[in-house]
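In what comes next, subunit A is part of two complexes: it sits with subunit B in the first one and with subunit C in the second one.
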Partner chain A sequence: MGNQYLLEVNELKTVFSSESGPVTAVDGVTFNVKHGEVLGLVGESGCGKSVTAESIMRLLNEKHTKYDGEINFNGRNLLSLTNEEMLGIRGNKISMIFQDAMTSLNPVYTIGDQIAETIMIHQKMKKKEAYNKAIDMLKLTGIPSPEKRIHEYPHEISGGMRQRVMIAMALSCKPSLLIADEPTTALDVTIQAQILDVINELKEELNMGVIMITHDLGVVAEVCTRVVVMYLGQVIEEADVDTLFSSPLHPYTKGLLKSIPKIDGDRNKKLHTINGVVPSLNNIPNGCRFAPRCTYATEECLNEAPLLQVIKDNQKVRCWNYRQLLKEEVQNNATTII
Partner chain B sequence: MELKTTAIDNVNISKLKNKTKLERRRLLVKRFLFNKSVLIGTIILLFLTLFALFAPLITPHSPLAMENANRLQPPSSEHWFGTDNFGRDLFSRVANGAQVSLTVGLSVAVITAIVGLIIGLYASYYSLLDHILMRVCDALMAFPDILLAVAIMAVLGPQPVNVVIAVTLAKIPVVARVVRSSSLVVKEQTYIEALKSQGASSWRIIWKHILPNILSPLIVQVTYIFAIAIILEASLSFLGAGIPAPNPSWGNILLDGKIVIFNASWMTIFPGMFIVFAVLGLNLFGDGLRDLLDPHSNKSIK
Partner chain C sequence: MKAYIIKRVLSMIPVLFLVAIFVFFLIHFIPGDPASVMLGPDATPEEIDNLRSELGLNLPIYQQFFQWTANILQGNLGTSLYMNMPVLEAFISHIGPTLSLALLAQGVSVLIAIPIGVLAARKRGTSVDSTFMLIAMLGMSIPSFLLALILMLVFGVKLQILPVAGYESLSSGILNHLKYLILPALSLGAIQAAVITRMTRTSMIDILSTNYIKTARAKGLRERVVIYKHAFRNAFIPILTILGETFGSLITGAVVTETVFNLPGIGQLVMNAITRRDYAVIQGTILIIALTYLTLNLLIDLLYGVVDPRVRLNRK
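What follows is the complex of A and B.
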């Protein structure tokens, strides 16, 4: 049963030590990723998406960071591995693509050098083989005439191209898990669509699991199969993508969905917003973490923290009042059908 | 699923690579020639190097041979730069002094560059090491250079090698600081994090990825260190704590000339002129290099 998952994150807790005391950036996050699945990790800025990803890669400065819980990858707990063992996993078994393609490449080397370097470290290949492999990878990501491109420096190619190079580099060792941290945020929509297509195709081809970190729900709808919504370091809702968009059960998710501007919307109508801002991690509300901003909040919400409950097949939510939302959704759906 | 490895026309690739290489080299030469200060600096340094290498060979006089009859002679066709208070040929002494000064300067520049680079890189990467090394550097920098160098010379004894050691020790903290501050910036770049996420070891990140990004400030700094080392060596020798007599160096020729400055000004003028030229050349060269290597100050010359 446990082996069907590629990655199991179990009650992950990431605590930073800061001058004003410990700060819990990720608090008991649990989710799984299967082979060939794209898991979306969504939430506002500062909700712990990126920290979760960096915890999986163990990229955080361990002098100031404490982990708790388990991250099982292919049956091995990544949190208990030594640094040397992690070096063999990063880039080889798990790869990461960063948001900022503009600065993710070293300006002093050609892109061929940089892709080949990773291949040479992990696959123990000769330089020539590694270069040929790099050309193949670039071709795979849809870069035209890669044999010319590999001799160019990062400043000579465009942002979309650079992101493709990053993807080629991340996938060059055929990792079984790809973590994409807002891979398309810095790109314009046409390039964005191309990049997402590339990730989707390669996912099929290599049968890898993908964690797609984003705050763009359009991206989620486009590529993800399942979605985890995070708020202030916790998972507040998890569902497959269709369920999440058709019947969100957490007021926060609902608010997020309502806030998307519609292309045929009324120009004069104000967009829906969620009131307030994400509270600071030093000042976490006692009860439900979302309660101070929630329109459904009751006395219970302010005093007692809800747990992540399994509602129906493959939908979990952390809310006291999900039944009310469920009822509303049913009514809404009924009216739209009529 | 297996990715197909395509056979690539290797000849074609190497041709292409050569073409871009040639293009880059052409651009570099052009930018070099357009940069007046680096051009003038290079010419001065080239002249000084040739002078140091060949001048001692073309003069018939030994720098140490004393001719009591010819003391304090003004410049003439026999003695181009005149003679000093022991009747030694000044041209020969200045030429040999050029060898000494340039050798000391170059050795100091190379050694401080290497040691400062290692200290700076590791200090920037490991924060505990940073605290320790930077406090040591602070302590060394708290002394005035010349005082520190004199103290070290007093301990080690007057030997040319010791001059190099003394000046190097005084200048390592400067280089280490420059390297550290530049690599702190590079270290926080996304591409370093991206490299970590690809499983690069710290060794590889430090030497293969941070180092090439900080080379230009290092090179510029090292040319200035070269110039400062020449001045420091001359100062030490002038104070009698540097190159020991009777071996010539620009500094101790100045010292010999000090007493007779009103009677035999050529003893002060010639070595002094060479010190000025060497330092001017190096500073122009360094300034020019900074402009050449800094991508932000590039004037677009295509």
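What follows is the complex of A and C.
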């Protein structure tokens, strides 16, 4: 292990204290990120993707949050660092871009001010230098005439531009890890593609690791190398992107993949849906957390929680019945071929 | 920008006109006659009638109104019936104490309220927060005359460290001047401070939960910078509205406080004018107060542009 991984999240547990008692939003999440790799973190709203990301950045209000486990970044456990030490990491070694570019920039400062601010604190540059660097960064993200843009305020530019500004800001200190929390959700499709391209190109250029948080499997297919699927605070499946799309093991993953509309699909056929809704974190089912919604659930699934098992080098799954399912699938395929 | 200001100034005219109509008729419908007040209880009806015609009070009310407005349009607010001096002059001679008091009260309340409001927002839900909010609630609920009397009793009568009432102008030395204003400013500023504290807290709590504050933290900024640079400037926008309103009400005369502390300010001028039925003074002063209020509002609106680039007018 050691230096092979840029980031190792090990049995991470994030517990919020709330008025109705502690709520475990992230429950024993484990995954790794290598240099130059894009790891997709996928799941429905409320599955703990964003909380995982914000735990890595230590952005949660720590008065009401308890962590357990380890987040090793370049060999240092981020959870054991002091606030002061975290200040040197946030925005410098690990950066984050957020879902809603429209509201993620401060409305009362110019774009230049906001990018240069990060550069000034982390790289100890003078204002002038930092501004020049900011212009370079904007150029890098494909913003035309950055010398002019830099004096504009967020409300004067479009949503796509704002997300580019966010990216420029996040990458201005050449971080080794970028966490992108649904960076394209609020953007229209053409802009989405452009933003993903920008992230991909800059990833190559800086050789950084990227955690791409999304619920959009299209985004996953486009940019990710490996995917971690989360459900209700736990990792339920992990695989490289090709394996996940070609032979998903967990019924939940299968359901997600089946629910993607196909361009050549039958228009009169209803899209596949997964039964039920995600239970609340206050009311976590016994046994397998997905069991109440799973069509394959057995007695065992309802009573005993499965562990995340390593199936192959590149695939892990948290399911009691994956072998059974695999067999059935092979048979089904066989019958369709005959 | 220029066009905007001109438009705003022009739009003040109808407002002032309405205020003028309202004040004029309201005052004239109050029972009591200036001539009989001025001449005292021993005056004969003839004397009163003579004075009435001298003052133009025997004319039909609409004629009086037209005469008054015509005079105002020429820049003449009229002459005090009682003090025998032009209304504008009377106003100017009384503005000093009011202005000093307003500035001091506002200054004190802002200096206390904003840091406390910010602190309460940061410590939201803790005992620090609830203690300050309790004090603020008290400050808002206590009538200013009661607070004034308590302050007088404690600092003026018991401790005898500050004068109970009265006023010394700035020309008698700044310390002397301030000495008389501390208690009135405290009693007046307490309410303002309470309002501003609560506003600051609410506004800061709103802003602290926005996405751009998360961005600021994710950049690795210190909490101090996040709070004061990124959050406060945004939170200040609604606070500015409150500041404008409270300052407006202070500068246009705190009648109760000025009366209790016997400060010869605008509040006292209006009070006395009302008891003397000094029509010209009441009408003129209220008109100036309305004008001051409108001007302050315009100033505040222009200040928004300084704080918030989104409402700036002269950008391309």
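Keep in mind that, in the parts below, the second predicted complex is superposed on the first by the 327 of 338 C-alpha atoms of A that agree within 3 Å, B and C clash if a C-alpha of one lies under 4 Å from a C-alpha of the other, contacts with A are read in each partner's own complex, and residues count from 1 in each chain.
Going forward, contacts are C-beta pairs under 8 Å (C-beta built on N, C-alpha and C of every residue); 3 or more make two chains touch, one makes a residue touch a chain.
What you see is a predicted model, and the numbers here were worked out from it, not measured in a lab.
Peer 1: Clash or fit: subunit B against subunit C, after overlaying the two structures on subunit A?
Peer 2: These partners clash in the superposed model.
Peer 1: Regarding the shared-chain residue A:H151, is it in contact with subunit B (first), subunit C (second), both, or neither?
Peer 2: The first partner, subunit B, only.
Peer 1: Go through the superposed model and pick first if A:K133 touches only subunit B, second if only subunit C, both, or neither.
Peer 2: After superposing on A, A:K133 lies in contact with subunit B but is clear of subunit C.
Peer 1: According to the stated criteria, A:F31 is in contact with first (subunit B), second (subunit C), both, or neither; which is it?
Peer 2: After superposition on chain A, A:F31 lies in contact with neither partner.
Peer 1: One more residue to check, A:N207. First (subunit B), second (subunit C), both or neither?
Peer 2: In the superposition, A:N207 contacts subunit B only.
Peer 1: Who wins on subunit A residues touched, subunit B or subunit C?
Peer 2: Here the partner covering more residues of subunit A is B.
Peer 1: State whether A:I121 touches subunit B only (first), subunit C only (second), both chains, or neither.
Peer 2: After superposition on chain A, A:I121 lies in contact with both partners, subunit B and subunit C.
Peer 1: Should A:Y296 be classified as contacting the first partner (subunit B), the second (subunit C), both, or neither?
Peer 2: In the superposition, A:Y296 touches no partner, neither subunit B nor subunit C.
Peer 1: Does the superposition put A:V108 against subunit B (first), subunit C (second), both, or neither?
Peer 2: In the superposed model, A:V108 contacts both subunit B and subunit C.
Peer 1: Quick one: classify A:W320 as touching subunit B (first), subunit C (second), both or neither.
Peer 2: Neither partner.
Peer 1: Thinking only about the overlay and not a real complex, which stretch of subunit B clashes with subunit C: 4-12, 22-30 or 58-66?
Peer 2: Among 4-12, 22-30 or 58-66, the clash with subunit C belongs to 22-30.
Peer 1: For subunit A, which residues lie in the overlap of the subunit B contacts and the subunit C contacts?
Peer 2: Dual-contact residues (subunit A): 57, 59, 86-92, 95-96, 98, 100, 103-109, 117-118, 121-122, 166, 169.
Peer 1: Which subunit C residues qualify as touching subunit A in the complex?
Peer 2: Going through subunit C, the ones touching subunit A are 210-212, 214-222, 230, 233-234, 307-310, 315.
Peer 1: For subunit A, which residues are in contact with subunit C within the complex?
Peer 2: 57, 59, 86-92, 95-96, 98, 100, 103-110, 117-118, 121-122, 153, 155-156, 166, 169
Peer 1: Applying the document's contact rule, which stretches of subunit A touch subunit B when the two form their complex?
Peer 2: Against subunit B, the touching part of subunit A is residues 57, 59, 63, 86-92, 95-96, 98, 100, 103-109, 117-118, 121-122, 132-133, 135-137, 139-140, 147-148, 151-152, 166, 169-170, 174, 205-207.
Peer 1: Name, in rising order, each residue of subunit B that touches subunit A in their complex.
Peer 2: These residues of subunit B touch subunit A: 1, 3-6, 8-9, 12-13, 16-17, 20, 127, 189-191, 193-201, 204, 208-209, 212-213.
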